[in-house]
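Each of the next two complexes has chain A plus one other chain: chain B in the first, chain C in the second.
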Partner chain A sequence: MSNFTIPVGPLHVALEEPMYFRIDVHGETVNNVTITAGHVHRGVEYLITKRNVFQNVVLTERICSLCSNSHPQAYSMAIEQIAGIRIPARAEYLRAIADEIKRVASHLFNVGVLAHLVGFESLFMHVMEVRERMQDVKESIFGNRMDIGANTIGGVRYDIDPERIGYLREQLAALVPEVDEIIEIYRTDSSILRRTRGIGVLSYDDAIDCGVVGPVARAAGIEYDVRVKAPYAAYDRLDVPVHVLKDGDVWSRAMIRLMEARTAIDLIHQCLDGLPDGPTVAMDERPAIPPGEAIAKCEAPRGELIYYVRMTDSPKPERVKWRVPSFLNWDALGIMLRQAKVSDIAIIVNSIDPCISCTER
Partner chain B sequence: MNFLKIFVRNLVKGPSTIPFPFAPAWTPERMRGRIQFKLQSCTGCRACEQVCAPGAIRFDKTPEGLRFMRWHNTCVFCGMCEFYCPTDAISQSDDWHMAHAVGEKYGMAIREVIPYIACTGCGMKTLASAPNPVGVAPPFTPEEIEQQRNLCPACRKKALAERGVQS
Partner chain C sequence: MSIMPNDIETRLLEAAPAGIQFRAATDDKSVATAWCTLASSDNLLSVGLLLKRMGARLSTITVFQPKAAAVPKPKEGEEPLPLPTFLGGTPQDGKTYEIDYHFDIDGDTLTVTAHVAAGGSIDSLTPLYRAADWPERELMELYALVVRDHPNPQRLFIDPSIDNAVFERLIPYSTLVNSAASKSIWEKIMAQTGAPS
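Let's turn to the complex of A and B:
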């Protein structure tokens, strides 16, 4: 068998986002992978220093559509830390609700795409259809399907009345059996199992070495979840179970996402049960932000998202730097793709749920 | 095999897509769509201009007064202007039908002018903007708003002080 170098991406039928892989193959087995980034660089780190603190809430939301709640949330948390603002209890619960609603939709999307890559189109359509219920929830409660605009400096921009709580509970109740059904299919269906079990394995030690985060880490046996390790918003008052699997293969990562989507539904119910009364923002007018620097982190659907913000006397931040989960996870792709078959490349790449628009911003 | 059950169920249920544009599409009440502007309530505080991330809102001074200008095609529908507007002069409607011919693109904007008037207290040239209600207790009555509208900033302050409140 001979050796070849094949390009995968940046525009490729099986990749959801533009990534470029140069893959050295021996026959149909991958020998070496070189990942090249930079196809969707938009210069957001520069743009953010050209806009004021409040405009940046919107700009950070538009970095990525799937984690579009986590970015402004971490950013707002950092700014609030600089300004010494304590957000009201109701706002903390509403932030957690927004976070979990986004998590359900994001995880179902990734798991749906896995079915598409496996070639199980009807399952893909079905999962996307189930996810559509969550999209309708977002549109009804926040007013937009992706950029939900829940956060602002000092609190949240939306509120839910008893009527909407009823609507949300009703939709969640309908979602539970649908998600349970999907979990059962992914757990037992032979065509899914054949393509995902034992594929793209990342061992515990490699996961530690690469510093992977989120579902990728939890599928490799690392019990790490920011919501538990460093609780933010209302998570210190919620009972957040952390799902961990040992195998570290594509299937484990999909299962972790499905179980987390199911858990997220319970967490929303917990939030609605404990939702305190009161204001949704700390102050009516826009607060003044003093000079200072802060770090904030939250658990995005893809893993730990860290924001660093430095403010000077100007209303515009001097520096905003963020470490996104996909940055660590795609480094592990080199290990996952080692000795993989060419046909599994797309499935393995999708299994880390790569978010290129966050990573290259 | 258990997927077959779902497959049959979905087949019986029929398509879940909507026949748009041949029938109206479902639009939730809170849908964040086209911005509406109520000139009568605008205080001219320019908070919306400052929080607008894409720069869709602009205020400029014209000989007639302070002009509010908003470009619908630049708007990202984030709702920050609505959230920070102290008088709800800006609101988001659920109208998302924004498709238009290229020739109409310069019409996709709101242009309204807060006119200059002579202050009824001192006769100075001033903007006929609504008073800022933030921190005013008890809140303005509609009559008071109209009265304040015709005053310059200094006379407004005086009128507020006479009313016995701090603004």
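Let's turn to the complex of A and C:
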């Protein structure tokens, strides 16, 4: 068998966004992977220091579409800490609802693409059809299917009346058997299992070493979820089960996402059950933001999203730094792909649910 | 529930004998956030090692150049006032780099801050924390700060043909997109079609 190098990307059918992989293979087996990033580097971290605090709520929502709710949420949380703003209880619950709605849609999208990559096209279309219900929910409640504009500094920009709560519960009730059925298919179907069990393994020790987060970490046995470890919004009042598996393979990552999508539905119900009355923002007028610095974290669909904000006496931040979950998970890909078969490369890359726009900013 | 150890300040001081400034707060959801500024950036590795032994995870690294401290103009005949400094004596001249290492200790966050004067360098944390690899490579392309002993100091996002320290320079959009302003486009068109009569 001979050694050769396969270029994958920057544009490739298996990647929704551009990333270049230089893959050294021996016969059918991967020896080494070099990742070359930067094809969608937009300098958003520079741009954010040229806009004022409030304009940046809009900008952060546009860093990424799949976790578009997590960015303005973490950013707003950091600014609220600096300004000493305590958001109303109703806003905390509404933030959690928005978070979980996005999580269901994001996880189903990734798991659907997995079905496509293993060649199970009817399952791919079925999962995407189920996900479509959550897209409709987003459109009905927030007026948009991806960038839902739920957050503002001091609270949320949306509210739900009894009619919308009824609609949301109705949609969730219809979603439950559909998601349960999908979980059962991924748990038992031989064509899924054959292509995902024992593939792209990341051990517990490697996961700790790489510092991976989110479903990638939890599928490797790391019990870490920001919603439980560092609760924000209403999560300290919700019962949030953390799903953990031990094998660290592609299948485990998919199963974690499916179980979390199912749990997210329960969390939305918990929020609706406990939704307090009251205002949705802490103040009527835009607050003055004093100098200061703060850290804020939230559990985006792909894992821990962390924001650092430094304000001086200017209305524009001196520095805003954020680290998206994919940023850490990319590095682990080199370990997952080691000794993998060429035909599994796309499946393994998809299994970290990579977000390139997020990573490169 | 906060899991940050009670004696963390003492332990950090032992690891950073040049001195530290420490503050911590716990929010109403019992999540702790702590901030530790090092007087000397040379103590970074020993602090990193301490936190590694405590099971900390490096979340990310922030770098920026805090703006210069405002110094009142001296009156006639008086000596100009010296620039204020950060802990440890690095000048607040607008050029000094502030490097914030954000560590996660099971949900709590400890930010270790080091200051490095312009033209200086700092040790790489990558040998201790693999998760420092990409952030350190990124900071080297965004700023003219040198990371010592980085095992793989390759460009991460910015193309090697572009000079480093892009956050320290104003780069015109036309240069960035390599069309070098509309003037050169028109010059190119005119070279092909001839100047207008």
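To be clear about the criterion, the second predicted complex is superposed on the first by the 361 of 361 C-alpha atoms of A that agree within 3 Å, B and C clash if a C-alpha of one lies under 4 Å from a C-alpha of the other, contacts with A are read in each partner's own complex, and residues count from 1 in each chain.
By our rule, a contact is a pair of C-beta atoms (placed from the backbone, for glycine too) under 8 Å apart; a residue touches a chain by one contact, two chains touch by 3 or more.
Fair warning: this is a prediction, and the values are worked out from it, not measured in the lab.
With the two structures aligned on chain A, chain B fits next to chain C without clashing.
Of the two partner chains, chain B is the only one that A:52 touches; chain C does not reach it.
Note on the composite model: angle chain B-chain A-chain C, taken at the C-alpha centres, equals 90°, rounded to the nearest 10. In the superposed model, A:152 lies in contact with chain B only, and not with chain C. When the two complexes are overlaid on their common chain A, residue A:184 makes contact with chain B while staying clear of chain C. Applying the stated contact rule after C-alpha superposition, one finds that A:297 touches chain C and leaves chain B untouched. Of the two partner chains placed around the shared chain by superposition, chain C is the only one that A:41 touches, whereas chain B remains out of contact. Across the superposed structures, the minimum distance from chain B to chain C, using CA atoms, reads 17 Å.
Contacts of chain A with chain B, set against its contacts with chain C after fitting on chain A, share not one residue. Contact residues of chain B toward chain A in the complex are 2-3, 6-7, 10, 16, 28-32, 47, 50-54, 76-80, 83-84, 86, 92, 134. For chain C in complex with chain A, the residues that touch the partner chain are 27-29, 31, 33, 35, 57-60, 62, 64, 66-67, 100, 102, 104, 106-109, 111, 129-131, 133-135, 142, 155-159, 166-167.
The touching residues of chain A, counted against chain B in their complex, run 51-52, 54-59, 61-62, 122-123, 126, 129, 132, 136, 139-144, 147, 149, 152, 157, 181, 184-185, 188-189, 284-286. By the touch rule above, chain A contacts chain C in their complex via residues 37-38, 41, 43, 45-46, 81, 86, 208-211, 224, 226, 228-232, 236, 293-295, 297, 304, 306, 308, 310, 312, 318-319, 321-323, 327-328, 330-331, 360.
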